[in-house]
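The first chain written gets the first letter, and so on, giving A, B and C; residue counts start at 1 in each chain.
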Amino acid sequence: MKKILLVVCVLATLLLSFAAVFAQDLYTLRMVYWPGPESDAMEKVLPYFNETYGKDLGFKVEMELFGRDQVFLKQEALMAAQSPDVDLFYTASRWLGKYGMFMEPLDDYLADPEINTFGGSTDGWIKATIDGMRFTENKLYGVPLDLSAHFLYYRADLIDQLLSDEAWKETYRALSKEHLGVEMEPKDPNEWTWDDYLAASFFFTKQYNPDSPTEYGNFTHGKVMGPTAFLWTNCYWGFGGDWFDAEGKVSFDNEAAVKALEIWKTSFGKGLTPPSSVTGEFSEDNEALRAGQVALTVHWNAAYPMVNGEDSPMAGKYKVVAPPAGPEGRFAYNHTLGVGINKFSEHKEEAARWISWLFTEEFAKLYAEAGGIPPYTSVLASMSDARPDFGDMVEIVEKYGRNLPATAGIIEDMACQDLSNAWTDAAPIEESLKNLQKNSEDELANW
Amino acid sequence: MRRTNMKYRKRIGFLLILPLLLWLVCFALVPMLYGLRLSFFNARINNLNDPAFIGFQNYIRLFQDSDFIKSLLWSLRFAVVSTVIQMILGMIIAQLFNRNFPGKGVALTLYLLPMVISPFLMGTMFRLLFNEFVGPLAYLMSGITGTTALLGMQFVNTTLLSADATNRTPFVFINVYSALQGVSQELIEAAKVDGANAFQRTVHVTLPLISSILWVTFLEKLLASFLIFELVFALTAGGPGSMTQSASIYIYRRAFQRSDYGMANAASFTLALMLLIPSFYLVRKMLRNRK
Amino acid sequence: MKTKTRIFLATALTVLAVVIILIIFDIGVITNILTSFKSNEDISSLPPKWIFQPTFTHYLNVFSKGGYNFGKYLTNSLIIALISTLFATLVTIPAAYSIVRYHGFGEYLLGASMLLRLMPALAFAIPVFIIFNRLRILDTLIAIIFMHTLFIIPTSLLLFIGYIQDLPLEIEEAAEIDGAGTIDKLFKVVFPILRPGIASTAILGFITSWNEYLFSSILGFKNTVTATVGTSFFITSYQVEWGPMAAAITVSSIPTIIFIFLSQKSLIRGMTSGAVKG
C-alpha cells in the first residue's frame, strides 16, 4: 500500500506543477508566429521592445511558434473555440476572408492617441500591402510584417551569352520555330513574354539543345499546396484572368486559364522542368538552382539569399526581374504576412499598443536589420546595398505588384489540386477547370 | 456462498477494468461521438459554434466526390502492395536473424533503427535525400532506376512504397522474429532427424506453427497501411494532382486546409465503418489466438 | 574439419546478408546522420558528397538558436513519454488481469481498444482540441499525456493479456491462501513477476509516444513542445533547414536507440506473446 501512496503523491506533485506552469505569465502577450527567418528576425526585435517600451507599459510580448504545417490548424482550432489563449494571430492578406471574423479591426486603436502613443501609422508602408490587410468595410485587420513576392530568376551569365553569341542565337531561333511555331529572337528577360520564357526554357534544356550548359530550362513548382497555385497566377493574370471577376464571383473556367495552363503544361509535359518538380516546392527549387541545373524559374523572393548568397555554390550568378508578361499585362504576385488581434483576447488594449509600435518606422528598421522584410518603402530602399534583392523588390512590387483578394485563402487548396491535375495531364485542362469552378463556387457559398 | 463469491468476483473484475474503461470513454468515445455529431452538420470554422444541421448531406456529397473514391482506391492499392512486400521481406529477414551469428545484438538494434524516427520527420528528410539533384539516396538508386527523379510522376509511387518499407518492415520483423523464437527447437530437430531439408522444415514445421501470428500481422499491417498519412503527407502532400492522395490525406485536407469539419468527420466515419468489419474479424482472431 | 568450414562459411554468408540488409534499411538513417554533419554548401553539392569536412554548426545551431530551446523540448518529450507509459501500464495491467482471470465483459473492452488503434487518429483531432480547450488544459503536458496514453493502451493491453495468461495460477493461489486480497495479489505478486514483460511493453509505449507528432503539435503551444514538434520547426515558412533538421532528428533518436539496445532481448521475448502494430 505504501508504494501506491507514493505513486499517488508523485502524480499529484506532477499535476500541480503542470498547473503552476499553466498559471504563470499573466501579463505576457502571446503572439503567434511561424518559425523561420521571420521569427528569427522577430526574436531579435522583441527583447528591445520588452526592455524599453514594454517595461514602461507594464507588459511583455512573447512569440508562440506554430510550425508551417500546423499554424492554420492550431489557429483555426483556437478561433473555433473562441479561445483567449493567444492575443495576436498570425495572418496573411489572403487568409483574412477566412479568419477576419475572428480578428479585431485596428483602425480605431490606431486613431486613439491614448493607445497609439508611438505614432505608428500606415503612411510610409507600401500602400498595396496595407490595402491587402483590409477586409470587411475596408477596415484594417493586420499589420504587414513580411512582404513576399514572385521574381523571375535567371542565370545572368547564360542569358548574356545567349544575347551575344551568334551560334546560340541561331539555335534559339531554330528551337523556337520547331517547338513554338514562330521564329523568335533572344531578348532581355525584362522584356519577356511567357512565350519567350518557354523558348528560353527549350533552349536551356539538354534534351532539345545538347549544347545547353544546364540540364533543364526552368523549374516549375508542382507540389499540391496553395503557394504553388500563386506562382501560376502570375501567368493567369498575364492572360487577363483572375481568381475573382469584377463582380467578385470566382472565375477559373475561362480562356485565360486554359492559356496559362498550357504554358505550365508545356513545361511539365515537354520536360523543360525537372521531372521531380511535379512534387517540388521552395526547397526543391532552391536545390536545383544551387546545383546549377536550371536556367530560369519563377520563384519566391525569399530564395534570393539562399541561391545567390555566399554559401551557395552558384553565388552571384542569378539576377531577378518581374515574371514575364502576358498579352494582358505583366504582374508579380505578392502578399504580406503579419499579425492581428484576436477578437477573444483578454488583453486587447496591450495588444493594440504593441501593434501600434509595429506600425512605426523604428520597428520596421529594426526588423529589417534583423532579417525581416517589412514593406516599409524607405527602410527597404535604404538597405538595398546589403540586400540587393530589397531594391529589386520595391521596384517590382510597386510596378507590377498584384494581390489575391482576402477570400482566396478559402479556395487555394482546391485550386492547386485541380490545377496540378491539369498541368500533369492527369485530367484534361477543360475538365479540371470546370471541376475547380464548381468546387470553389460550392465552397464559397458557405462563407 | 457461491453466489456471493460470483458477485464479488464480478465486482472486482469490473473495478480492475474501470480505469481503462474511463480512459477509453473520456478520450476516445466522447471525442468520437462529438465528431459523429459534427458529421451531420455543415460545420466550418465560421459557424462551428452554431452549425446548421444538414442530415446526411455530408455523406451524400462525400460519395459523389470522385476524389474521395480515388483516394480510397489509392489507399487500398498501397495497403495491399506495401503489406505484401513488407510481409515477405519481414519473413525472410526474420528467418535470417533466427540463427546465431557474431554481432547479432548490435545487428538487431541497427535493424530496428528506422522505427525510432518519426515518419513525419523522416518523410521530410526524404525530400532532401531523394532530391533529384543533391539527394544521396536518389543518387544511389539511380543505378537501378536509371534516373534520379524519384519523386517524378514515373517513380513517385515506388518511392513511397520503398520509403514505407524501410520504415515499417521492422514492425513485421519483430512479430515474425518473436514468433519464430517461440517455435520449439525440438520439433525442428525432430524434423531434421526425419531427413527434412531446411526448406521443408520451414514450409512444413515452422510456417504452420506461426501461421496464425502471420495472418494477424498481415491484417494489422494492411489496416495500418490503409491509413498511411505522415510519410505521404511529408513527401508528396498527395500530389501530383490527386495521384498519391491517401484517404487520410483526403481527410486532413478537408479538415485542416479547407476547414470543412463536417465533411472531414463524415469521411472519417465512413472510413471507420469500412474498416470495422476487417477490424472485428482481426480482433476475434487475436482473441482466439490467445486461448 | 569439413563441417567446421561449412559452419564458418554459413556464418560468414549470414553475416554478409545481414550487413547488406542493414545497409539497405538504414541507408536513410545513415544519410540523414551524414547530412547533419555537412555544411550547407556540401548538402547542396552535385553529385552528393560522401566524404566531406564534417562540421558541428548544425548541432550548435540546434542547441543554441535564439528562442529555440531544444533541451527543454527533449525534457518535455522525456516526461511525456515516461508518464504516458507509466499511466498506460497502471491502467492496462489491472484490466488485462481482469480480462484473463475474471472474464466478464472485458473481452469487449479489448475489442474496443483494438478497434481504437485501427481507426484514423485524425478523426479525433478536432473534437479533442475543442474539448481540451473547454477543460482549459491545452498547452499542458498532461493533455498530451492523456492522448499518448490512449495510443499506447491497445498494444500494452494485448501484450499484458498474453503475459498474464502465461502466469502459473499456483503462485496466485498460494498468495490467496496466505490471505492476500486482489489488490495485494496484483501489486505484490503479478507486478513483480511481470517485470520483464513490463519492460518490453514500456519500450514500445515509449517509442509510440516519443514519435507521435500530430497530437503533440495540436495540443501544445509553447510549454509542451516535444522533440518531434520542435524538430518540425526547422520546416520554416519556405525553406526546410536541412542541416539543423537532420541534427535534431539524430539527437532525438539517441534515447530510443539506447533503450532498444539495452532491452532488445526482453523486447523480443516479450513480443513472443503478442503481435504488435506495424
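Just so it is clear, contacts are C-beta pairs under 8 Å (C-beta built on N, C-alpha and C of every residue); 3 or more make two chains touch, one makes a residue touch a chain.
Everything quoted here is computed from the prediction, not taken from an experiment.
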By number of C-beta contact pairs, the top two chains: B-C
Relative to chain C, chain with the most remote C-alpha centre: A
Centroid spacing, where centroids are CA-atom means, of chain A and chain C in whole angstrom: 37
Where chain B and chain C are represented by their mean Cα positions, the distance between them in whole Å: 15
Two or more partner chains touched - positions in chain B: 127-128, 133-134
Where chain A touches two or more other chains at once, by residue number: 73, 80, 283, 287, 290-291, 293
Overlap residues in chain C, where contacts from two or more other chains coincide: 44-46, 90, 126, 130, 232, 235, 240, 242
Touching residues (chain side chain B, partner chain A) in the complex: 42, 44-46, 48-49, 67, 127-128, 131-134, 147-154, 156, 235-243, 253, 256-260
Complex interface listing, chain B residues touching chain C: 9-10, 12-14, 16-17, 19-21, 23-24, 26-28, 30-32, 34-35, 38, 86, 93, 96-97, 99, 101-103, 105-122, 124-129, 133-137, 139-140, 163, 166, 168-172, 174-175, 177-179, 181-182, 213, 216-217, 220-221, 223-225, 227, 229-230, 247-248, 251-252, 255, 261, 264-265, 268-269, 271-272, 275-276, 279-280, 282-284, 286-287, 290
Residues of chain C touching chain A in the complex: 39-41, 44-46, 65-68, 83, 90, 126, 129-130, 133-134, 136-142, 187, 217-218, 221-223, 225, 229, 232-240, 242
Interface residues, chain A side, partner chain C - complex: 3-4, 7, 14-15, 18-19, 21-22, 30, 34-40, 43-44, 62-70, 73-74, 77-78, 80-81, 83, 85-86, 282-283, 286-287, 290-293, 300, 302-303, 306, 311-313, 337
Complex interface listing, chain A residues touching chain B: 72-73, 76, 79-80, 82, 98-99, 101, 222-226, 274-280, 283-284, 287-288, 290-291, 293, 410, 413-414, 417-418, 420-422, 424, 426-427, 443, 446-447
